[in-house]
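Before I ask anything, let me first share the structure, which is written out below as structure tokens.
In order of appearance the chains are A, B, C, D, E and F, and numbering begins at 1 in each one.
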Amino acid sequence: MKVAVYRKEHFNAAHRLHVSSWSQEENEKAFGLCNNANFHGHNYTLIVKVIGEPDKVTGYVIDLKVLSDLIKKHIIKKFDHKNLNLDVPDFKTINPTAENIAVVIWNILRKEIDKNLELKVTLYETERNFVEFPAS
Amino acid sequence: MKVAVYRKEHFNAAHRLHVSSWSQEENEKAFGLCNNANFHGHNYTLIVKVIGEPDKVTGYVIDLKVLSDLIKKHIIKKFDHKNLNLDVPDFKTINPTAENIAVVIWNILRKEIDKNLELKVTLYETERNFVEFPAS
Amino acid sequence: MKVAVYRKEHFNAAHRLHVSSWSQEENEKAFGLCNNANFHGHNYTLIVKVIGEPDKVTGYVIDLKVLSDLIKKHIIKKFDHKNLNLDVPDFKTINPTAENIAVVIWNILRKEIDKNLELKVTLYETERNFVEFPAS
Amino acid sequence: MKVAVYRKEHFNAAHRLHVSSWSQEENEKAFGLCNNANFHGHNYTLIVKVIGEPDKVTGYVIDLKVLSDLIKKHIIKKFDHKNLNLDVPDFKTINPTAENIAVVIWNILRKEIDKNLELKVTLYETERNFVEFPAS
Amino acid sequence: MKVAVYRKEHFNAAHRLHVSSWSQEENEKAFGLCNNANFHGHNYTLIVKVIGEPDKVTGYVIDLKVLSDLIKKHIIKKFDHKNLNLDVPDFKTINPTAENIAVVIWNILRKEIDKNLELKVTLYETERNFVEFPAS
Amino acid sequence: MKVAVYRKEHFNAAHRLHVSSWSQEENEKAFGLCNNANFHGHNYTLIVKVIGEPDKVTGYVIDLKVLSDLIKKHIIKKFDHKNLNLDVPDFKTINPTAENIAVVIWNILRKEIDKNLELKVTLYETERNFVEFPAS
């Protein structure tokens, strides 16, 4: 029977919400303070969930130390202390909402984790605003 | 593919657990201290989850500022700093357990949110006792 | 040299803020929603701090199990699942603000704890509103 | 319609990760610091989730006081302030990873809870490493 | 006798640590990732502490609703969803470390709060890095 | 004027409370479950507080990255995933209560931090039991 394992990591980043094909007025109306031209920022909390059958000998679905190292190598190094709009190429053409950041992170990690294991990410932009992909 | 977004809000309310068709002894046996005739109270934490596809341009499933305003208008204004048994008509005939409060909140919010979006509510009565509707 | 030890406990209570010598208008102006005649409520979190020298043999300032039992016997039993205004005689003549509740708790516990030990209480009415007595 | 209810409890235990059929080198390679021969320990947080239809009269899926007492009787008494490897027979032949502890707890509680109610457990080994069984 | 009251608020901001009179190398050596030219950001948590004697009638040291409104008017409006280096004049000539932000906030609030009341601020840059001014 | 800066770290350890000069009965009476011969364990949370004047140029009291590295080198490496009674020589002759662990940590760190800076440590054994040294 399958067990889900979770690892929580953190990164701190600047961003702004902005649709480049829109006018300044449209952007301000849609995104309000989040559209500030000089950016604002967040302490993002990332929870990565992996589902599979525990190994009969070790009792691990995946070694959480290994999962933590994968997240640090592929996500934290790329996102932490960065400006998501300017420093992370994935957001050159898409708006760095929490929803889009979660999908980008999932796509990166999906390539690094055994295909027999299911993957889900939860991303907290603040303690009160958070997202999950894929939704369940 | 679908993303879930979450918004956390708070309200503080008094309540008592009580079945009016029961004797005092039956109520005390079933609900113990929670049946105190003069009420007790809680800091309720409400998490509203909405599932849908992010808009291709904005990257939003639903603007969490809009969701927060809906919750404040339809739930917080009605429940916060109130006595659930005496001040909230929804509990005139049903017992304000966490389960029933969550169902009442879901029914109110379901009418306010686009039918293409799935809705779920989680309600914390205390940090250690909480409920989710619909269950998943 | 002195060490401080802390024990965290919880109680859930109803209350209203109300000055009986004032008119309804004065009370509403001063206390707003907190003056609701039918009460509202909170999950109060209480942190009791005791300062002293650790015993040279046991290494305890005070056994935190003993401190927890004292708090449960003298505070939790009296305040939990109660209406502070109606059920707790200490608030017959004083307004149950967080400040006053903290002072009442301190006065009760001060009599139960060795005079050689310093005592302080912190009381959370919500996660965002809390008080400390005596102030430091 | 079904509601999920949750109860959070705690226990503090020592353990080590170790496969008795492996050499010391294999164990150190697989489990690192977690293989320390003298054990280490954790404050485990256990969340038990029960899904069912609320009773039409009481509004309870299950009385959370009853659920809490079941957890204390069958789990906390057996695991709290214990050495999982030495004091808990369930781990004589299986490695006390978070995955395996969660499955053991689920198997114990499953026998104590009405068959019409679904059961799930979440176990936090640390704030950043946690598991869920069965996975969803 | 004096009671301390506390109010917790939040703001989200971008910043970079940078000393303009230093070379790029000196800045990178001193501040590492925090010196990123395109900024990064945080969810700052601000706790404002006010010490005084509770009013004998109301039981308030200061109405925490009033304190919250003061913080929102003078601090949150100025700092939230801003770039501290570019949008907040107070940091034109001083480096926006947590220490300096806390002192700037204290100086702003000190002018708005009754001189008979003591004032202290605690600022969390992350859950693991925080500062307090004045120190006690 | 002085600012306090804080850094939070974690370690997971096994221990038992035991006075070797006492009989088994005396130990059981004094320490109850905490005296279990096979040990139990905790996720300890350590908060290190350093007070000083921020540097006029950098704005730092002490670089929290430097403080974090000091804590990791001198405390975490020595305590994490260890048995405090068996693996840490400091507790060969003293009982590893939270009070004594905090004093031991303070004594180790005091030698590593500039004498012009004040030092204090807070140690959480559980979320509900914690200690501070020196007391304030």
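Everything that follows uses one rule, which is that contacts are C-beta pairs under 8 Å (C-beta built on N, C-alpha and C of every residue); 3 or more make two chains touch, one makes a residue touch a chain.
Note that the structure is a prediction, hence the values are computed from the model and not measured.
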Original post:
Touching chain C and chain D alike: which chains?
Top reply: B, F
Original post:
What's the fewest number of moves from chain A to chain F, given that each move must go to a chain touching the current one?
Top reply: 2
Original post:
Taking mean CA positions as centres, which chain lies farthest from chain A?
Top reply: C
Original post:
At the chain B/chain C interface, shared numbers over all numbers used: above half (same) or below half (different)?
Top reply: same
Original post:
Relative to chain F, which chain has the most distant C-alpha mean position?
Top reply: B
Original post:
Which integer distance in Å separates the CA centroid of chain E from that of chain F?
Top reply: 28
Original post:
Residues of chain C that touch two or more other chains: which are they?
Top reply: 127, 136
Original post:
Can you name every pair of chains that touch?
Top reply: A-B, A-D, A-E, B-C, B-D, C-E, C-F, D-F, E-F
**OP:** In the complex, go through chain C and note every residue touching chain B.
**Re:** 10, 12-15, 33-34, 36, 38-43, 80-83, 86-87, 126-127
Original post:
Which bits of chain A are touching chain B when the two form their complex?
Top reply: 17, 19, 21, 30, 32, 94-100, 102-103, 127-136
**OP:** Note which residues of chain B are touching chain A in the complex, please.
**Re:** 1-9, 51, 54, 57-61, 63-65, 118, 136
